[in-house]
Amino acid sequence: MDLKEWFASRQKRNETHLVKQPLTTEEYCALWTQCFQCRELLYTRDLRNNLHVCPKCQYHFRIGALQRIEQLTDPDTFEEIDPDLVSTDPLGFFDTDSYPNRQAEATRKSGLKEAIITGLCKIDSLKAALGVMDFGHFGGSMGSVVGEKVTRLTERAQEKKLPLILVSSSGGARMQEGILSLMQLAKTSSALKTFADEGLLYISILSEPTYGGVTASFAMLGDIIIAEPGARIGFAGRRVIEQTIKQKLPVDFQTAEYLMKNGQVDLVVERQALKETVARLIRFHQPPSPAPAFVERKDRKTVTTAKKS
Amino acid sequence: MDLKEWFASRQKRNETHLVKQPLTTEEYCALWTQCFQCRELLYTRDLRNNLHVCPKCQYHFRIGALQRIEQLTDPDTFEEIDPDLVSTDPLGFFDTDSYPNRQAEATRKSGLKEAIITGLCKIDSLKAALGVMDFGHFGGSMGSVVGEKVTRLTERAQEKKLPLILVSSSGGARMQEGILSLMQLAKTSSALKTFADEGLLYISILSEPTYGGVTASFAMLGDIIIAEPGARIGFAGRRVIEQTIKQKLPVDFQTAEYLMKNGQVDLVVERQALKETVARLIRFHQPPSPAPAFVERKDRKTVTTAKKS
Amino acid sequence: MDKKPVPLEFEQPLELLAQQIDALEKQLADHPELDRDIERLQKQYDQLRRSLYSKLRAIDHLAIARHPQRPYTRDYFQRWDACWIELHGDRKGADDPALVCGLLHMGAMRVVAVGTQKGRSLRDKQQCNFGMPQPEGYRKALRLFHHAEKFRLPVVTLIDTPGAYPGMTAEEHNQAEAIAVNLLELSGLTVPVIAVVTGEGGSGGALAIGVANRILMLEHSVYSVISPEGCASILWRSADKVSEACQAMKMTAREIMQLGIVDGVIDEPLGGAHHDYDVAAENAKRAIIQQLEELSKHSAEEIRRDRQNKFRRIGAFAEA
Amino acid sequence: MDKKPVPLEFEQPLELLAQQIDALEKQLADHPELDRDIERLQKQYDQLRRSLYSKLRAIDHLAIARHPQRPYTRDYFQRWDACWIELHGDRKGADDPALVCGLLHMGAMRVVAVGTQKGRSLRDKQQCNFGMPQPEGYRKALRLFHHAEKFRLPVVTLIDTPGAYPGMTAEEHNQAEAIAVNLLELSGLTVPVIAVVTGEGGSGGALAIGVANRILMLEHSVYSVISPEGCASILWRSADKVSEACQAMKMTAREIMQLGIVDGVIDEPLGGAHHDYDVAAENAKRAIIQQLEELSKHSAEEIRRDRQNKFRRIGAFAEA
């Protein structure tokens, strides 16, 4: 479903919560959510109003791309690009089921066409290019479409000289597209290289969970890298590592805080402060006018590039 | 004394060895040398003919700048530059003796004006700019003169588009010139930055011992870094570290082999193979003619620079 | 290669025939009449051999690619330039033996060569982590990539790795970042880059030295987004579906060539590179030099754009 | 600064006078006639105070520079921009608390700020290694220097360190290279770099963030090629010659200004920066902004050449 439909349906859900009458199980479950961490039973609407962060223990619930976009962008400013890009089945991949069937299933579950939504938006009135992955769709796996959408978004941001913000949440590359998925790591990184050479800002936001090919490409290439509290982030999965080194790993291994301690992320930012932090970072990196003389050289560079395109 | 005198006196020493008659103690000592490592008593001339490497245990004796130059360069090709640069006493430094007196004493001991000799030479018929430090002069400490000579040599190499080879052997910065010595780290590194931007080759050779400010500047900035076997190389001295961490360090700590294991040097090369290795590296990095098309850009760059100067 | 090639499982029928022939030959002296049988068997043997290698399954290619006697990076470098100069270390605390870097001549050309090394002896294998580089290994390679850019030297990389090492310190030292930065920096080089998959091309750990203008694969080498074992256990939830996984992922040289990712497949000696190191090395060398000569006609900026365009185009999707 | 400044050894006479005054003031209520004595003592106190700080020995400056209540990097950053954004990590396995990096506003300007941090509490001090950075700290700073270059932001560095940490792993992770590379890269930046010695400028570990277009020193800060203790033990072979070493090395702000290395000395509140953090921070801020405004008139290439020329000129020698 597209954004408008989603906001509409979301509206409907809220209304059902207001209806005063005996609840069906679904309605009950829709109404109440238990915190995975502190086990507290939370009123779903309060949870949503708290950006899906447990008011008791600050546990950050995994959220979908649409919620994330709603949280990060100014109302009605998000314009999706490439909404209709869909995977094909280049390998005719079949394990216990065919890739097309699995795609259909994923879309049924997530209501999304693919594991990322990209578009242009405003964040605290600042124009930006925003891509948000959704773990709920196909485990947020990166196939040709995710790679292409990230690349196109990067190119769009470069062309419009906008800051680029990518919110990652992924299990890694999509096996069903084989080597084509792997090559998306190179494609996206290559686009980011050209983007970086223009002196433009890229903020990478890592959310629960970010692993494999996504971490090993655009997610780790931000000028600034922000992680959400408690998010698990890594290249290899915990189980694989434990099998390899034949020993148990610390409980906080690969958490945002653990990465911070190991110098892998710039900031760990709570969801409530995320939008404001991103806005401040964008604002900080926007060249003032008039720019000091030593910025001149970069301006010239930018001009020649503009001529090129 | 300058190179010619030195070679002459060296000739004389050799002759005395040939005289057949009862020896005085000095003559005996001149004639025989005991290996620091295997304790073997070696005939000094054999030792010298073996480049001051013990034939029994391969221990690499510390050698002076003049011997090093003789070993590395083609006969009679070394032309010294800035031979007359000498330290002044900018701080009027006096500890238990005055800096000028210590300088005079150092020169008496080493027969050199300063702790480095720089010049242009040929190595296996290849033109190169060569600087060699001498630990025997003032502990190879870097003051204004060493910094200035390294910088001028770097500039000369850049202007003539020659590969730069620096052989380090130093206890660190020269305290008697205070902050001026420290600033030589920045001066030499800054010159090497401009040199590197021209796409020219710098080979750094680390010999026993290389420490402190020299290691923390030009010695660690080579495109290729070569260490002599057994040479001790580091930033802080072993004693300081042991006092700081309050524990004994491994015996091989800070040896060339230890650095190799820790990824700090490209190669550990025996003295017998040093000249040949350096020559091969220079040859390898010399652009062929005609150069392939993708080299063109660099040529253009070089030309514009030439115009500038 | 001193030792005689160890036969693989699918080569057993061939091995049996060979043994029969040997047996008969031993009796030949006393029974000259056997030599017709021998001749017959020899014919059978040659036929079987050709047919066997003409219709290999994906998992057979995998077996050859992983053959313990498969030539490794050092075997190639040694044969290409007997006095190549190995350069060590990331300058920051480690020298990863699983990633070998050096300067070497290939015919008339000088190249910066980088390759993963599996290790031959057990001790060797352990030091090389069985060909799985640490982040420090990728950072050593990156240093050499920048060296190549500075001195306008082409880069040649040899890929033979199960993948980047999945260890605790590897994660703490940011394995993901080490790979990602290499992808970024390789895509920006203005000197030619040629990547050759000589054995296993395992996932991001392979791609980290594989962002090249031209990608070549040895005939029996494989390249995949995840190890077949990993794929089988995740998608089939069963370790004995490896063969299916191999087939489904399309990981053989020919298949990947058909997908438009590989620019050339390099012939191996019949039965695999381990049957003749010299021939394998020579074939690879010729293919690399050919690509380099072609690329050397282009300007620095063209080289860079060529590489970026190559990857920009990769992907299968529809605009529904 | 909540707590009252702890007096240093050379401040004892001053402290005694202050105590006498306090004592008399307590009796003032019963003996009004004392107030003339108090007035007299107060005058004495003010005179002594001025004279004391007007002829400080090098070792006195050192004592003030090392005063446990001396304002540290975070104290300055906090006062310059209450909502400055700290950025962490070298991206390769460590985040060294001894080297604080961040983005902050100074007046109308946006700068990348980097500084060594000694740490206040004992636990804090230990984490910060008493202000002695690890190689990873210098590499975090380098990452921020490149960030500044990319986004055309000036760099401001605060120096207060006994030196780079002399530890075993520090050596294994190539402390020397970390410093050397920073010297090289800083000299190549095309954005303005301002370095301020706020406390101790200790050797290469200080210079690693000190290759700047303009170097400023706080009035009582010191800058030397080696710690006075190190100098004394090596040259005098005695630990109690520290005062002589301080004097001989010419390490005070004024002396180093006379040597033409420092471009400005920043006034401290009488008695030292620890008497008033806000004034110290404000003075430093004004001096930095002034330098930045001057530099911002120059082009990128001029900025770089200016810095390189500054260091190219440093050195005292004769051509005999």
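Per-chain residue numbering starts at 1, and chain names A, B, C and D are given in the order in which the chains are listed.
We take it that contacts are C-beta pairs under 8 Å (C-beta built on N, C-alpha and C of every residue); 3 or more make two chains touch, one makes a residue touch a chain.
Quantities reported herein were computed from a predicted structural model and do not represent experimental measurements.
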Could you state the distance in Å from the CA-based centre of chain C to that of chain D?
55
Rounded to the nearest Å, the gap between Cα centres of chain B and chain C is 42
Chain centres from averaged Cα atoms put chain A and chain C apart, in whole Å, by 35
I need the residues of chain A touching at least two other chains; which ones are they?
196, 220, 262-264
Residues within chain D bordering two or more other chains
91-93, 172-174, 177
Treating touching as the only link between chains, describe the layout with one word: line, ring, star, complete or other.
other
Show me, using the given definition of touch, all chain pairs that touch one another.
A-C, A-D, B-C, B-D, C-D
Along chain C, where are the residues that touch chain B in the complex?
83, 85-96, 103, 108, 110, 136, 140, 147, 150-152, 190-192, 295-303
For the complex, which residues does chain A have touching chain D?
196, 199, 201, 220, 223-225, 260-267, 277, 280-281, 284-285, 287-288, 291-298
Under the stated contact criterion, what part of chain A meets chain C in this complex?
82, 84-88, 90-91, 93-96, 113, 144-145, 147-148, 151, 173-175, 177-187, 189-194, 196-197, 212-213, 215-221, 234-237, 240-241, 244-245, 247, 249, 253-254, 262-264
If you look only at chain C, which of its residues touch chain D in the complex?
91-93, 135, 139, 172-174, 177-178
In the complex, go through chain C and note every residue touching chain A.
164-168, 170-177, 179-181, 183-185, 187-188, 203-204, 207-208, 210-211, 223-226, 230-231, 234-236, 244-245, 248-251, 256, 259, 261, 307-308, 311-312, 314-320
